[in-house]
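Below you'll find a set of structures to go through.
Both complexes below contain chain A, partnered by chain B and then by chain C.
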Partner chain A sequence: MVVLNFTLTPEAASKVHDLLLCLGKFSDAVAIEARSSRFTFTALNSSKSAYAALTLDAHTFFTKYECIPSRGGPDGRFTCSISTKALLSVFKGRLYDPLGRDGSIDRCEVSVSDKPSQTECRFIIKMICNQGVIKTYKLTYEAVEVMHALFDRNVAKNRWSMHSSAVKEYVEYFGTKTEMLDIFSGEGDDAKAVFKSYTEKISNGKEVLKHPLVTAVAVNTSDFEEFSVQPGLHIIISVKDFKAIAVHADTLKTSLKAFYSQPTRPLQFSYGCDGLACEFTLMTSGDYTAPSSQAPTPAPAVQILSRENSRPESRTRSFEMPPPAEPASASTSFRSARRRNPGSRQPAASKPAAPDPDSLFVRQDEDERWEPLEYNQDEEETLGWDASAEHDAAVFPTFRDSGSLARTETEGSGGGGGDGGGSTEVVAPTQRVSQIKGLW
Partner chain B sequence: MRFKASIQNINTFTKLTASLNSLGPLAWVKLSDDQVCFTIIPEQGTQVWAVLSIDTIFETYTVQSAAGNVINLEVPLTSLTRALKSALNATSAQIRLTKKDNIPLLALTIVTTSASNSYAAFPTASANNNNEDGVDAPFDSAFGGGSRETIVTQEVPVRVLGPDTVAGLHEPQCREPDVHIILPPLLQLKSISDRFTKLALAGAKSGSGTTAARTRLELAANMHGCLRMSIKTDAMSISSVWTDLNNPELDPNQVAGGEIGLAEHPSTRMKQLGTADGRSDEGWASVRIDGRDWGKVMSVGRLGGRVIACFCHDHALILYVYLPNENGEDESVLTYYVSSYSA
Partner chain C sequence: MDDEDELPILTAVSSSARQLYLLLRCINFSEKAHVQINEEGLKFSVDEASVMEGSAFLDKSLFTTYTFRAPQPPQHSQHSNSDDEDEHLSATPTFQISLPSLLETLQIFGLTDPNNNRPPWARDNPTSTAFSNNVLGMNNMCRISYDSPGSPLSIILTEATIRTTCNLSTYEPAFAEEIPFDRQSLAFKTIMRGSWLFDAISELASTTPERLTLVARMSHGKPYFALSSSGSLGSARVEFNNNPRGPGRAPPPPPTNANANPDDPLTQPNLLETFQLSDPDTTLRSTYKFALIQKAARAMSVSTKVSIRADTQGVLSLQFMIEVESGNVSFVDFRFVPLVEDDEEGGEGMDVDETMGGRSEDEGGTDDDDEDM
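What follows is the complex of A and B.
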């Protein structure tokens, strides 16, 4: 039997929302690993090219945290997997609002009920709202083994660090629908780092015009807090992953650090503050026969120091690493688990409070009111009357000035006076048309 | 073939391409020594023929080609608009025609400068921690020194059109209009026409008839400052009437036949009919247009130009959108050709 209880402040709960939103861009299900000293969300994408581990520190992130795994003693852990959508419908946006408006909470209490005596194992989240309302959510979870991607920062000689708000600004320049991001460090004295978003697909003729925008953002290396990358090195990752990371890092207003060695070897982005440590390990591509790999163990590349002195990072971190076997099946088996418990209260897999994906990157301006209206999308919002009086005629008898009060129409279906339930609903006109004069 | 210019008025250029993009995805752009033409000819719907003076959007403009210094391009407007949007806060922006892997493209080079400490305006605890070993950083933040200069390059793929490809494209010819009138503010017009179209569509689900027939707006104007927009379906008939609008005087020098031509002009005859309160049934020149298409045309309102509508009764509606400019010369005009449905 596992004991896992913790309490979150509204700020922390809203950070959980932000991180889930980010993890949702990688995978449908997040894996959770709780230890006595930390709590980790991990996600691995379906192509296994991106792995995210977001670790919440037991002491600084939570107001109260207690985790006693059922076995393994102090190094033991409790692991499970939960649908990202389900969690996002619990950890909605705007949980933290200093003005206490709609949706804001006072605190959030989470516990796991995993007792052998009970038939149901649930992840229980209680949102204690400001007006004394307590919303309790019980989520099903699936017990899975949680894997960690191994990343050895000692080998990753190339590294840079930049404030997330600047990175996010660069990401906003990228066109939509591009696939790849090439991070290039220039050569020469006045070297620049270039972030280029592009799509590999090469098309001909008329199709050329449908080719997505190629965007290159050239940044002075002195604008980085730290920049120590082998000149001339290209490293290619998915632009979608990078966008998700930059946007999430920006919610923390912190520096984004990158570590990598050479193309085809993993790259790691890392950032964090206030008890939240985020690490994303991404597979890279690129021409590994390029100048970079001629020295396979790159000698310390030219150090370009910026205003801030880069301190030699002597952190040796390696994670335990069973080869990444996958919770990819987790999403499907989660669904089947849900089916097995039809009575359980499942939070509706409603659309997560994700804003329009474009709005994160595209300037929202007053220009929008000039856009042609999308009539198809907002049909449901339109309040209208059905003035046709055609197809429902049998159900709602129309009345006419014949004195029969339209019974003629219901008689056929109603089958006589006995069950004339339909005709009792008929509202008789208060006046006959023939009595009204001068109106028409 | 060379084309290079610095973009002087990014805002106008962006709004222009965004407006044009609502009518069609591709534009024929004709660059010549003295003007820039944007033409949208969609498969169906309204055509736009825009003629801009160079300085409306560009400065230091060079165009050279073997075909009399004229370059014709086919440009995807969505990409161009997206690229221009990233230049809205730029300190400078340049556009040039270039080639990469044998694909011609318009390359925008955008230089933006942002204060390097913009993110430190509200220092967080973590930001301070990061600075603990950076001696200069606090000074930077304190004195606002240092700024980040970023160079963004956007590459829009284009197709170069030969002179013979564009030779067959002609601006529509139209007879002299019966009524010409200055339109009320387009935002007002757009919100009412959007409303009408929406109402018509809401009824369309239950009623008969195709939706295209249902979203048909009737737009009419007379020579006494009235404009009427109406929609009729099986279930309803609504109309809005504007009065006290302006019917600009025709310049005899611009009318074929001078003074005599003016006297015989259809609008002169229309002046004899109708009233200024818009209640008379006479004197209206009307056209039937598709509400959805009209919504796309109204998108031009963001440019804030003066719009003169010319009504050829039962035939076509032509809108002249004059872009505001400072010096009053070399006016830039967008011409919209909206054809009228027959019934």
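What follows is the complex of A and C.
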């Protein structure tokens, strides 16, 4: 039986409304992961190309927060999934109204009813309004495992940051039905960053010329708070995702930071304030074979090579081939074992790990391990989704950023709460290969 | 028919079609409305499948001129006999009219006069003088007349120099008895702000429920009134307590008496201004079809107060007090027939409520239901 109770101020409840509105643009259902020290809303879109994790700090965001997961001790977690629509109908707009008009609340109490004595488990939200009106909602939830995307900011050499209000202003210029957004960093002294929204398929069979509007917003790099991007680099993401992020970031009036390495590798947007930390990891596309004029990191030739490794289909397939006799279950167990104890040397390490079939991004680290030439480049290449949906969930590949690699996950592997990455200093989606490599 | 010497049954002039529109819009959930005319005013009523009815009363005080002449019996002999007898007995001409058409007509010039929103010097009409229609309040004038049984209801709208005459066909009344509501044996009565009820109903609507359950009881000597519903996404319940239970905040100001002005936020009156239960020891619980209650949402949103009453048979009456522009109040009434609960379903509903509410009172509630069955 899990204990999860927390109380929100009207301001915080209204922030929850804003973030749900944003997550609703990604997915129909939000996943909730509650730990003793933080509470995370995550959403993964249906094509698994965008992942959002919005973390609420237990001490600063909530007025009262108590979470005692049923298993896993202090590292345990409670996870579930709730329809975004249902949550949004509870966390409406106008929850916070300084004038205390109708619809505003005094406080919001949330608890989870998961008693074995009761037939129904519900996520219970109590909105206590002024003047004695109490609204109680009991939402059904689905017990699911929560997946996290891993993102290594050390690899993402390209980064910029800009105030969200400016970004939102640029976003407003984009055509409503455009699909793709090309972020281009110009070359030369008077460099500009260009945000170009466009639609890839202009004609579609009988239909012709669907929304051929292309909007390019050129921003002087000096308008950025920080801008350190390889000149000439194009990176392409979805306009819809970017819009949702920009609009939500603007509700917090904070700076939006972007981290990325190169096309076809994930890009991360990050912002936050007041105990709310938001991270969006998005798939990118673009021409990764045509490199920019100069690659900043190691040597250009190597860089190209490594990019070729990241070609999604062909390359990984070729690595799937060599160990044909290995049964799927074996490879799975190997993989999970590796995840469970990333620092230990596996006897099976001479075999390549089967590329995760669900992986959104190619795991270049695995590829490169088989390229003697590339071996030294390993450290810049770790990143990928935790696509472990089909595993038994207990394994939760988050890695400490602190360099302590001896984290083992042995206890509690049988159940949902058993994942251990839960101690406070774990930065969930970030992993440094250099740390792992040190033990190999 | 020689109408020359006959005066029309009804002549009414209103300075604002908007008032009439706002009231009639509250009951706009059916194609045809019954109109009854008498000395006091016009009563529009609509009903849905005989399980719900709504009526709006346009008091004669809403009109600047209201002239009603009871129809002369000899005149009716020319019409069918049955009609004649009905009307003769009641002396209140009754007919049916298309309510959507009437509403369309009333807003033919738009609901707001654009000139009123601007300061005088910025108005479109530069020739505004002390005697112009704007100043005299003559714009948007609406004249309703009904000549004789069987004649159309004619509505003449005047704005500035434009005069529009609309003749709406009247139909034979097809009534339909009223839903019986026994004022003498009320099981429950409360009065609260209409916006609270509107808020509650719109909250509950988010669960897309089939049914709405109303619970009223005395809880520790304090009134307790709750509306709950459940749907596929979960259940929701809105409770109204007279004393805000706010441990997290400063203690609420002591509740003032029921006569306090409800619009003044500083006095913070009781949420439930009146609360009467015929039997305070038991819990009243009845269920209604949510979709029907929701049809009264428009009235809830514009009303200042609502009186919620249920008689011993469970018929629910919602009476909305709506303030119109002139400062007068008008009333819009709704009545709902309750859903008869099966034993099983009733039991389920009770379980839900027991888990939600305080347990001690719920035991009493269960007993009550047993007695009823």
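Definition applied: the second predicted complex is superposed on the first by the 281 of 440 C-alpha atoms of A that agree within 3 Å, B and C clash if a C-alpha of one lies under 4 Å from a C-alpha of the other, contacts with A are read in each partner's own complex, and residues count from 1 in each chain.
Just so it is clear, a contact is a pair of C-beta atoms (placed from the backbone, for glycine too) under 8 Å apart; a residue touches a chain by one contact, two chains touch by 3 or more.
Please read all numbers here as calculations on a predicted model, not as lab measurements.
Residue contacts after overlaying the shared chain place A:172 against chain B, while chain C stays out of touching range. In the superposition on chain A, A:273 contacts chain B only, with no contact to chain C. In the superposition on chain A, contact of A:216 is made with chain B only, not with chain C. When both complexes are overlaid on chain A, the residue A:25 reaches neither chain B nor chain C. In the superposed model, A:248 lies in contact with neither chain B nor chain C.
Residue contacts after overlaying the shared chain place A:157 against neither chain B nor chain C.
One of chain B and chain C touches more residues of chain A, and that partner is B. Of all the residues in chain B, the ones that touch chain A in their complex are 15, 18-19, 22, 26, 74-76, 79, 82-83, 85-86, 88, 101, 103, 105, 114, 116, 118-119, 124-127, 129-131, 133-137, 140, 146, 148-159, 187, 190, 194, 197-199, 201-203, 206-207, 234-236, 292, 295-296, 298-302.
Interface of chain A with chain C (complex): residues 7, 63, 83, 85-86, 89-90, 100, 102-103, 106-107, 118, 122-123, 128, 130-140. If you check the complex, the residues on chain C that touch chain A are 195-196, 199-200, 203, 206-207, 230, 232-246, 248-249, 252, 265, 268, 271, 355-356. Put simply, chain A touches chain B in their complex at residues 163-166, 169-170, 172-173, 175-176, 192, 202, 206, 208-220, 223, 225, 252-255, 273-274, 307-309, 311, 362-363, 367, 369-373, 375, 378-379, 382, 384, 386-388, 390-391.
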